[in-house]
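Below is the structure I would like to discuss, written out as structure tokens.
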Amino acid sequence: MERLYDRGLEAGRVDAVEGIEADQLHEECGVFGIFRHSNAAELTYFGLVALQHRGQEAAGIATVDGTKMYRHRGLGLLSDVFSGGQLKELIGDSAIGHVRYSTAGSNTVENAQPLTFTTHQGNLAIAHNGNLVNAHKLRVDLEKTGSLFQSTSDTEVLAHLISRGEHDSLLENIEDSLKVIRGGFALVFLSNHQLIAARDPNGLRPLALGKLGDSYVVASESCAFETVGAAFIRDVKPGEIVVIDEKGVQSTMFVKQVKRALCTFEHIYFARPDSDIDGYNVHAIRKQLGRILAEQHSAPGDIVIGVPDSSISAAAGYAEKSGIPFEMGLVKNKYIARTFIQPSQEMRDSGVRLKLNAVRTVVDGKRVILIDDSIVRGTTSRRIVQLLRDAGATEVHVRISSPPYRHPCHYGIDTSSKGQLIAATHSLDEIRQEIDADSLEYLTVPELMTAFGYGRGEDYPFCNACFSGQYPTETSGGKWEIETLQEAGV
Amino acid sequence: MERLYDRGLEAGRVDAVEGIEADQLHEECGVFGIFRHSNAAELTYFGLVALQHRGQEAAGIATVDGTKMYRHRGLGLLSDVFSGGQLKELIGDSAIGHVRYSTAGSNTVENAQPLTFTTHQGNLAIAHNGNLVNAHKLRVDLEKTGSLFQSTSDTEVLAHLISRGEHDSLLENIEDSLKVIRGGFALVFLSNHQLIAARDPNGLRPLALGKLGDSYVVASESCAFETVGAAFIRDVKPGEIVVIDEKGVQSTMFVKQVKRALCTFEHIYFARPDSDIDGYNVHAIRKQLGRILAEQHSAPGDIVIGVPDSSISAAAGYAEKSGIPFEMGLVKNKYIARTFIQPSQEMRDSGVRLKLNAVRTVVDGKRVILIDDSIVRGTTSRRIVQLLRDAGATEVHVRISSPPYRHPCHYGIDTSSKGQLIAATHSLDEIRQEIDADSLEYLTVPELMTAFGYGRGEDYPFCNACFSGQYPTETSGGKWEIETLQEAGV
Amino acid sequence: MERLYDRGLEAGRVDAVEGIEADQLHEECGVFGIFRHSNAAELTYFGLVALQHRGQEAAGIATVDGTKMYRHRGLGLLSDVFSGGQLKELIGDSAIGHVRYSTAGSNTVENAQPLTFTTHQGNLAIAHNGNLVNAHKLRVDLEKTGSLFQSTSDTEVLAHLISRGEHDSLLENIEDSLKVIRGGFALVFLSNHQLIAARDPNGLRPLALGKLGDSYVVASESCAFETVGAAFIRDVKPGEIVVIDEKGVQSTMFVKQVKRALCTFEHIYFARPDSDIDGYNVHAIRKQLGRILAEQHSAPGDIVIGVPDSSISAAAGYAEKSGIPFEMGLVKNKYIARTFIQPSQEMRDSGVRLKLNAVRTVVDGKRVILIDDSIVRGTTSRRIVQLLRDAGATEVHVRISSPPYRHPCHYGIDTSSKGQLIAATHSLDEIRQEIDADSLEYLTVPELMTAFGYGRGEDYPFCNACFSGQYPTETSGGKWEIETLQEAGV
Amino acid sequence: MERLYDRGLEAGRVDAVEGIEADQLHEECGVFGIFRHSNAAELTYFGLVALQHRGQEAAGIATVDGTKMYRHRGLGLLSDVFSGGQLKELIGDSAIGHVRYSTAGSNTVENAQPLTFTTHQGNLAIAHNGNLVNAHKLRVDLEKTGSLFQSTSDTEVLAHLISRGEHDSLLENIEDSLKVIRGGFALVFLSNHQLIAARDPNGLRPLALGKLGDSYVVASESCAFETVGAAFIRDVKPGEIVVIDEKGVQSTMFVKQVKRALCTFEHIYFARPDSDIDGYNVHAIRKQLGRILAEQHSAPGDIVIGVPDSSISAAAGYAEKSGIPFEMGLVKNKYIARTFIQPSQEMRDSGVRLKLNAVRTVVDGKRVILIDDSIVRGTTSRRIVQLLRDAGATEVHVRISSPPYRHPCHYGIDTSSKGQLIAATHSLDEIRQEIDADSLEYLTVPELMTAFGYGRGEDYPFCNACFSGQYPTETSGGKWEIETLQEAGV
């Protein structure tokens, strides 16, 4: 979800006390929906638990009983937000839910989703994963003509567009509005009698359709289906609107032309290993990336170590292909996520390390091949290499299971601190020196694509913009609309 | 603050989980504002503490530092809402604040005030005491033309009107909007460089202007000035806009014609005894009402007892005039307000009484003259009379320091349950029987008016609509706009 | 409840983080008990609500079902401690409860009561109002011989004494222990099959017996009986143990000689006006004290004002006797108790006053007779006089409805800061100057005693030690045991 | 920590409302201590974060500044207990801390550690990991002679023993008390001037000594040293008391004879993989157990899957040895630990599974070798096998990296529900049928011992009582003291 900035800085400060940090973009969200099931709210809750990794900042569920709409949302993990019996009060047989990415203190209840509002066509709730690149421009226009915004979320822009729609049918107003917005989005809408799912024309953000008994479900990732006992049917198609109502499932395309540009970073890092997205299992892709690394970027080592948790699959692939033993040389403290007390710089300097421990018995005297999924600013990698050396590693060879991350994402992954993307400003060898590795190699984009089954030179139906700088969405007047925000000095 | 009902019923249910009880209107609110003082937020907090009796449901404060706006609001008493250091983060040298009336569970954060939003003219915060009688109609029109409402508060209607204003000046847009709204309102606005106060053309709701050092302050009641050490200057006039900025105080009238119709119920019951409103001290008026009761509606008794806390002044006046001793025959448990655990009906039947105790030693064997300020449904009065009889009172003569309350208030006091106004449907003797009193007498409207210095037959500049049914505001097409809501079955 | 200090200072600091303030003694507590009633826990809760004024620091209830004991206790008001359904889990048909005096941050859960423990004779719970003057010495002895203390409460000393008892009967061990302790105490014990109430041989702390249907109840003040619908039977006698079990009520004396020394300060200030203690109604005594003041210490004034809430009865008595009008010239902010945010000294200096407002309209141009119940350090009185002068009072004549408070209480009322008792070190005229009154007069002890029906020179069965310095309890070796604590420099 | 039961049942119910579940034993705890470091409290906090897996029920830290002791403890995770700035108030340069195992609702603040108390020799704090088998008998004796217990923790028995000690030196009283207690224990004590660590004569529970700059530290597991940047020195020896004071480290043995009987289950399941305990790295042992399984208990499979998280190391070892690919076929939801909302049985039946997801893409059509560390009741294993079959596994061969768990642990691991240890009552084939595996094999005790370097028939210095039934501690009169508790019907 985008934060709107030029005026947003001020708007943001309005709620400064309630916790917005205007200088911090956030990544991703997760959405879930279910239509006509006697346990709609509970199943949405459990589906969101499976998607919690996509957003830990805020959570919410809206339900409808055919006439009235009910909602509860709040800041924090699902377990915090729904700790007091609120689920029981969310009556109704259809529901949508949302989880939002979390950095401590960076959000407000006003921005939590689902958004709910009333229209002439009745109640409407919206949950959104992604980022609208033209939200700022639309917002300025809407405000100029009297629309009153109460959050800094780009999703509210969509709500105002729908609210201004002139059709008698809510669905038609939604369709019209979807044609106006640009960027990456997976959307679920809940009205009195319909559950509606829509995916942007490039398919930048994932969205899947499933079935649980007689009820249809939608979710950002298929792992949520497994959790609630639903069967996966298919991915929602780029540019598609899926309407679920008492007549069943109907599908229409809200744009004539689609150009598939699926986000590879979902598979590389963001999604859960047990999810299948657009036909590719996440763990399987990661393991394959590890095997490709072993083939194309071998390193002289005694043991293979993956940075937990996201690089364990790639490390296992590397070990399998190379025949070098896979070891647990780094252990992650699983309680650290909840610890808001942080060591001071002085304590860090003196060696306090909360998140990861290196295992001396495993590492001591060994040449380590360290597998990680990506390098953002380089500071974490540097710390991990140091940790391994302190534990006695004689050499540390870093292998990254993706190409260098050089360009900001405009479609829902937080890479706001562009100046801080180390690969944007440093050569391979400079990065190696910066992280103090004995050697460093990345995958190339074509190597990455082979894991998805595409050969060199093929027209990849994927978005690799963060690696290549080639963005799939249209620009207006030759410029990114989003860049006006950047020009505004944000 | 009005709740909007025909569609509000649905809108209300959207947030049912967050606590709206659609069937319960609420009374009154309190507002406070201060311009250019180094302790703006703290002083607003203390000013609101003095006004806490006007609203215990929710509280909030917004501040501005000339450029940016900050706000914190929440549900509950001020001490609950500002329990965690939030005041310190409300930087800026100007502030407005709001307290809202409380019935447990009847509100949402979305409805808490001040409302804050951004306009083309910069930040704006609004705090409102009162009720807009044409809010429903305006809301329907606004929604039809694309405005998106996110609360059920009537104050949001005003925000949308201002947001749609076409002047370059925020003040002009506010002025235009004030001409459109109808009903009772005391409003304070805070923009980047101005504190604006406005009072409805009838003066239905109180609002006063004061000065603290070089800084101007506004408040619903003068008791807040006393608390923060400010000097009372004057009441804001009906139909007046007071603009406070770096040039000082400027006053304009936003309507050409005003008809004073000050609410007498503020003095009778609602305001704090130490406040002066429109030139009348509340305690003094109440004591005088007690004296008039003694003169005009004497009763044969041994002791005079007032229902605590609001009828103590009137009882003292009755005792003084009649020469009958004033005694503390009823004691209120001051901790009960915070006790959400209530005795079951079975326990009530067996005699458990939390709120009031009768003092047997005082009452036993005595003929009691019981002074109360009003009778709404009669159930409380009946319970108190019973309490006194159980404690040994041989006779209970009830004297009410106001006329029979027969008509709903449309201007900010909750009397939604019109069918339950006992005086609307019962004769004096029926009420006496209902509450089981030995005798019952009320003041008449002319008697009430003599306490304010007006003689019989004069044109009173007061609203006594709740007693007389004569409402001071215009109707549209011969009908109360508010009645459309009633017709809608609310 | 006493805090134990010489070593307690250290023990106290053990739990410093949990909130003990070692330098602050506390006043009073309230106890309640009920035997064999189907709503034992609820009725105890409601009884404690009526006694909440006696202790706002902590609260707890213990119940027994004949075999097992259940308890919940916590810090804060009853409404805070029992906010989450805990009452329902307190099963059993007999219960005792406790409220403790509160100064923010001055207590720990460990010190909250009832204390519960197991003995060879089964479960035992204790709730205590008062102060044991020999607790320190007993504790030292107990610790030396291996007893392990886990709180700094003097009540735990009693628990250890009972625990070391060598009788097979719990009641006998309690009786033996009561003979050892000295000071003021009202105690309720709950065992598997008995509710036991005991009062110190001087009757320093109040305790009353009542009946609710077939069930017996005990409470610190009779107002709790009124609240739960129980009938008052009689006060527990000084030196008496009342044992309530299935056989009914049995009474024995645990000392041979008693010397009644009832605490007059309960009537003057501490108790609720609707309570009857040892045959005297609190409101009636206070009003009579006001009348005596008017007769013996008349002042030239236009209006009589009482400091709310405790001096309203006395002010009404003064007004009645003198014929001078009783007015509400001071208004107390009833929400202030919950407000932990305090104005800074700078803000106080500039006039911010949260607790009391003077009512200018009432006071301006008047000679005020101000009635208060006592002067402790004088700072509050000085502030109130100033408040009245600021509001326009031309003269302020202070009349105190008790004698000068000169000596510390060792029996349960916090007067630790003896050096700060202004009457201990200042002459009447010095006090008058200090509080800036035009005149100041107190009652004498004989005048005080006439309100209770005793003539000059009679042998008063009351403790007036705080006025006279004549303490009713024995001293050991000519010295107060409590004084060893003082010698220890506490 | 043991719960005391025969009378504990009653004592437990005293605090039933506060959350004791009398029928549920708990496993393990973690302890940490540091002497003379300027960041004592913070480092203890971070050390405990590393040990959080050993106890999630409650946490606490006590500090001392040479004179005064400070403590904070509470229920829940460290992040919950220390969420409000409490660390800053724990002043002093030496500290001990404790984490306790958690089952929701099964604990009280009274039982949380460190326990703190005052003795004639000054302040003392105790933190304890383990279980005292003669605590019940000692408690009965102590109670009979007047000791007053306020918790149901066996650690309080030790406190009373020390409190009754007759030496002038606290250390000597501790030594004497350690000779009296029996069972498994790792203890840290903090007094005004000493940090004392002690380990039971069998070394049943782990305890290690480290150094951070000039300061000594002790911890249950070495992973805590890595986290705070300390260097591991050595394990505390069975039967050893380590005294750390200003003179440095001194060591004495409190028993003449020790018989090493280190708990193998720490390595198999409980400890963190990055810890070294008694010379063995936990991950390395687990991986070796996997290799031994592959050698001795091979299975016909296509992929190897470990149950996350504890069996990943063993699965990697199995895969490495067997050459069969290691795959991530089960994914654990890492947010589930905090989710108190559980699916109903109906929802479970319809397929809702919160904790583990099987990955269909990985598993479908495959013969799975499933590695787990142990089987307790069998229900979890059965569910996992079913999950894999539902995801398309054609065969599931279960291999357990330890021998059958047949006997209760009396030394600190919760296996109270002995009747529910499936291996105690079922044959291998019956268990296989019960969990619906195609094949099932365990390690034997001698195979287990080879991972630690011991050959068949050697005198193992390990406790394998849970597998073999041969308990290392003495019995009294030929009977387990603990069994009296069982006889008592607990």
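The first chain written gets the first letter, and so on, giving A, B, C and D; residue counts start at 1 in each chain.
FYI, a contact is a pair of C-beta atoms (placed from the backbone, for glycine too) under 8 Å apart; a residue touches a chain by one contact, two chains touch by 3 or more.
Everything numeric here is computed off the predicted structure, so don't read it as measured data.
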| item | value |
| --- | --- |
| Subunit D and subunit A - chains in contact with each | none |
| Shared interface numbering between subunit B and subunit A [over half = same, under half = different] | same |
| Whole-Å gap separating subunit A and subunit B, where each centre is the average of the chain's CA atoms | 48 |
| Inter-centroid spacing, subunit D versus subunit B (mean Cα positions, whole Å) | 61 |
| Full enumeration of touching chain pairs | A-B, A-D, B-C, C-D |
| Complex contact set, residues of subunit C against subunit B | 39, 42-43, 45-46, 49-50, 52-53, 77-80, 82-83, 87, 212-213, 223, 226-230, 272-274, 276, 281, 283-284, 287, 309, 312-313, 316, 319-320, 325-328, 331, 333-336, 338-341, 343-344, 347, 350-354, 357-362 |
| Contact set on subunit D toward subunit C in their complex | 7, 9-11, 13-18, 62, 67-72, 86, 89-90, 109, 116-120, 122-123, 143-144, 146-150, 156, 159-160, 163-164 |
